[in-house]
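All remarks here apply to the structure that follows.
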Amino acid sequence: MIHSALMLTVALSLLTATILALLALPLAGWIVFSGGRASAVGEALLTLTLVLPPAVLGYLLLVAFSPESPPGALLARILGHPLPFSFAGLLLASLIYSLPFAVGPVAQAFRQVPPPTLEMARILGGGPLTVFWKVVVPLSLPGIATGWILGFAHTVGEFGVVMMVGGNIPGETRTLSLKAYDDLLASNGRGGWEAILPLLLFSFGALLALNLVRRSGVPHAPDLTRG
Amino acid sequence: MIHSALMLTVALSLLTATILALLALPLAGWIVFSGGRASAVGEALLTLTLVLPPAVLGYLLLVAFSPESPPGALLARILGHPLPFSFAGLLLASLIYSLPFAVGPVAQAFRQVPPPTLEMARILGGGPLTVFWKVVVPLSLPGIATGWILGFAHTVGEFGVVMMVGGNIPGETRTLSLKAYDDLLASNGRGGWEAILPLLLFSFGALLALNLVRRSGVPHAPDLTRG
Amino acid sequence: MRPISLEADLLLSRGRDRPSVGRVRLRLEKVSGIVGICGPSGAGKTTLLRTLAGLPPRGTGVVRVDGVPWLDSSRGLDRPLKERPLSYLPQGACLFPHMNVRENLLFAFSLTQTPRQGEEPFPWRALRGFLRQWSGTRTRLLPEGVAEQVERFGIGDLLEKRSGELSGGQAMKVALARAFLKPARLYLLDEPLTGIDPEGRALLTEEVASLLERRRAMAVWVTHAPGELSAVANDMVVLLPEESSEPLPGSGRPLDSGERVTRAWAEGRQR
Amino acid sequence: MRPISLEADLLLSRGRDRPSVGRVRLRLEKVSGIVGICGPSGAGKTTLLRTLAGLPPRGTGVVRVDGVPWLDSSRGLDRPLKERPLSYLPQGACLFPHMNVRENLLFAFSLTQTPRQGEEPFPWRALRGFLRQWSGTRTRLLPEGVAEQVERFGIGDLLEKRSGELSGGQAMKVALARAFLKPARLYLLDEPLTGIDPEGRALLTEEVASLLERRRAMAVWVTHAPGELSAVANDMVVLLPEESSEPLPGSGRPLDSGERVTRAWAEGRQR
Amino acid sequence: PSGPGMALARDRTLHVAAAADLMPVLPHLAKAFTKRSGTPVRISWGATGEEALAIRHHAPYDLFLAADAATPERLGREGFLQKSSLKTYAKGILVLWVSKKALSATKALPDTALLLQPGIRKFGLANPRLAPYGHAALSCLRKKGLWTKLRKKAVYGNSLAQVAWYLRTGTAPAGFLSESQAMGLAKGSAKGDFVALSPACAPYLAQEMGIVRRSKNVGAARSFEDYLMSAEAQEYLKEHGYH
């Protein structure tokens, strides 16, 4: 049981973080480079999904995805099964829930690309898309990594939305975090470690690896203390 | 009642975000500038609190702060009341819970300060602290703003930890997000809007204001599309 | 062989709410080669080049190249970047920091190779290119156009260096080579010899002159040492900082040699 | 009046796993004034200055200033930055981008005013200063030391500009003024006249020379136009890029005038 | 707000920790009690398990209304609740709710066997490990030998209220609820019907309450307990699906 919960969590969080990191690129690009006030509103709107209590967001998603609602019915017809209580539903909910965490750092990184570098690429003949993919995105890799990490960690620990939309089905939509909660409450706080421990170990490993990789990429780490 | 829940949420989230933004400075400084492998481990550890399901984290904090534990008993004696189930307890829990969201973007911003600028400040005679406060921090203001936003929004929407540590006491530790959930439950999903709406409006307003302020500070927004 | 003409009557400024930097009038016709621009620090040389290039801040006035209007602010006309056949070497080399020298050159070259395809319809192709670039599978062989430029500017031994690992003069040479990978009518060069040693200066000046000759193109070349252009510059313009928007003596007046320029400038200063 | 001596025997390199850039031997004694350094792009001039300044990448060898060892890699000695009485003008001005010119100068000045307090014991004071800096309450009056420097380098009309709003030459002048706000024995100037007009060059050279005279300090001045130093440089060193770690002819040999240097260099190149 | 009057009002306030299942009934009872005794009542909602944890860690509650009997009894044994104050204040019963849509698709009676219909893709029940009603539903299905066939269709909510959400939004066409939740659901916009399960399958579930041992307001807690046990309150509970 643990095994499948672990696998599920691994799959869900890695997928979510990766899709989010990709999704964040155009979204952050719009926010940063479109320049209009509209994008300030868009950015604030984006951040709103993280202001909503997870359970409330989960409820809203439930209402939206339910086969009784028109979009939910359409989705159900396409997928062959209703979205809630399935891995696909879980993934979609996680994506919506964690989106702002991925977009924030990416947008921040985009903002820090020096304008002259962008101008140079434009002058040499690059169109907006070329400049974006070949200059902006490569220069923002550290920010994209931060976004990935936040998206990943947030999905691993996510509880309210997953519980609502997934239905806590063992082996299908019951993630480690749900299992940990169950175990904890069922045992009056004494148990739960067998679920929490792999959760912690897995996440720690993933994050540590990413941090070390990211560091090794930095040509010379700035040094405030030497000298 | 709404009123006090709103006030509580406003106070809690603004306080948390601001304290976090300040706390993030030395922490991110350590992570970025200490350079050792230790700080990579530290960074991964930091991120761990966000991998834990909120309810589990809340439980751990409850156990740690509880008057049943020696440190909790000491704290209870000092404060005159047990830390959990009070605003102070809520604040502390929120700080721990949202810390990584504030630190991530700040660390990212610190990493992007150009090394020659740091060297220059060192050569001119600045000690590590001077360089940090006068050069690194001012140059990282956009990242600090992103950290503040994420910390703020995360605290507003936070549910599991607040529930566990605060005990959902109306007028004292029941935030808007708990109230929204309760209302939704009580009304079978018909109500809850009167709690969610101010939550959304307040957050949207705060985030929009911050976004606009941040934008107006950018000297010339890079422009990918012109020309 | 078309002659090139550059006509400009500009009120330079660094933003709408700032005082103007100065007024410039140029009328250079039937020249192919180098037009030197000199003048004291802050006179507006960089601003002029940026305005010609169509980069912000946009000045007000008229720019016409080969008779085609690039800018006519009275008519609200402002030709987009991609329709201006120009190349620009900014003050400070501005290489792409995430690429090494080879990649910098190849990227610039690829942009010239697909003139209309510079704008990919979907991100997929760009993404693929990007991934290929990040994997090590890119070819070590340079396309002919690039190889020639590498040879010409003597940067063959720098190809594998990252842009941050170049010395000041090396970066400048690479940037110059990159700017000339793009075929253009007008090359805008902002102090292209910064940080280059005397030997290199002579060599690069000659190379640029011969390239311009072959391409029948014009370079607007900002310099602080008018003498270095005396051998190659057909015209020389002195820009002086202004308070008024009236043309000052010497401003925009084509001169023949560096010698005369320095004199004219000194005269202007003495008043 | 102490004489200044600079002694260096260095193997320059840009990192442990990279080939060495070259070997430099200098022995300059009882001189007060300017030592010129020239040589082709990539010869290692910037690397030499950084090594003298104690910035990474650290070279191997010996540096002694006034007889005091700053670096002695055989003994594992490497004096920390704050114990080296030097100032450095990097290639490219490297002003603090978040400050305007006035703030750049005041910041540098404040660092010299509290030589031992540069290191605050708690962040509170620094935080307070930082907040004050961000509120508009800072005084408009410049301390005497700063005002003098502003006058000297002719940057009075630039004080309220942000560093990003300066032209290339203006930024360089401000950076030079900033570097000379710090009293030091050794000034390391990496192409300080980049982007400065001829008139400015003469003026700045003189100002620097007179400042050095007054402070009994030495400047190591990297230049690409040895001629510009002929009036003021007591010594001139030619750096040539090396493959071997053996000293090449001309390398590290003090010479008398710019004239001779260029000749020696040209001779060296012909081999 | 720390004047003497305020402190008094605060001391007099009765602080109740209640299982979220009581949301449809408890606010009304609390209001009636306040009217009668002058004691304000403050209710903290939560899952029974969560509140038990809070009580173990000195939460400032006076009275605990659980959704089951086992939790208060355990807390009583462990000394967190006053043993003598434990009382069964209500008995709930498990019902099966089926939406109109699912019902109209079949002529069968709404019974547990109906869940086998292919039209019912999923059905909801509260997490058996956490919620007594979920446990009851599970053992009922086991008893009838349906569980192995139905296990794939089950989705779990952390509380009955969450199961009710599934039913209300139509995400799940059927689910197990307490009768009081089902009555609340029927009053709302959700279209459907529910049947009580046979007592053999789902016995009445006793819900117990108890006074927190650390309570500083034992008097008020006791009188609220008494009020809940009064004929008037019991009558009200009965009207809302408790027995």
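Lettered A, B, C, D and E in written order, each chain numbered from 1.
FYI, contacts are C-beta pairs under 8 Å (C-beta built on N, C-alpha and C of every residue); 3 or more make two chains touch, one makes a residue touch a chain.
Note that this is a predicted model, so its numbers are computed, not measured.
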Exercise. Which other chains touch chain B while also touching chain E?
Worked result: A
Exercise. What are the two chains with the top count of C-beta contact pairs?
Worked result: A-B
Exercise. Measuring between mean CA coordinates, which chain is farthest from chain B?
Worked result: C
For this session: Round to the nearest whole Å and give the separation of the Cα centres of chain C and chain E.
Result: 77
Exercise. So, what's the distance in Å between the C-alpha centres of chain C and chain A?
Worked result: 43
Exercise. Taking each chain's centre as the mean position of its Cα atoms, how many Å separate chain A from chain E?
Worked result: 35
For this session: Find every residue in chain E that makes contact with two or more other chains and list them.
Result: 50, 53, 56, 165, 169
Problem set entry | Where chain D touches two or more other chains at once, by residue number | 81-82, 92
Exercise. Of all residues in chain B, which are in touch with two or more distinct other chains?
Worked result: 55, 59, 63, 122, 128, 132, 184, 189, 220, 223, 227
Seminar exercise, completed: Counting only contacts in the complex, chain A reaches chain E at residues 59, 62-63, 65-69, 81-82, 84-85, 163-164, 167-169, 181-182, 185-186, 188-189
For this session: Spell out the residues on chain C that touch chain D in their complex, using ranges where they run on.
Result: 14, 38-42, 45-46, 91-92, 165-170, 173, 191, 194-201, 224-226, 262, 266, 269
For this session: Spell out the residues on chain C that touch chain A in their complex, using ranges where they run on.
Result: 53, 55, 81-82, 86-88, 90, 92, 94, 96-99, 107-108, 111-112, 115, 118-120, 123, 126-127, 129-130, 133-134, 162, 164, 178, 181-182
For this session: Would you mind writing out the residues of chain B in touch with chain D in their complex?
Result: 26, 116-117, 119-130, 132-135, 137-139, 219
Seminar exercise, completed: The residues of chain B that touch chain A in their complex are 29, 32-35, 37, 40-41, 43-45, 47-48, 50-57, 59, 63, 100-101, 104-105, 107-109, 111-113, 115, 118, 122, 128, 131-132, 136, 142-143, 146, 149-150, 153-154, 156-160, 177-178, 180-181, 184, 189, 192, 196, 199-200, 203-204, 207-208, 211-212, 215, 218, 220-225, 227
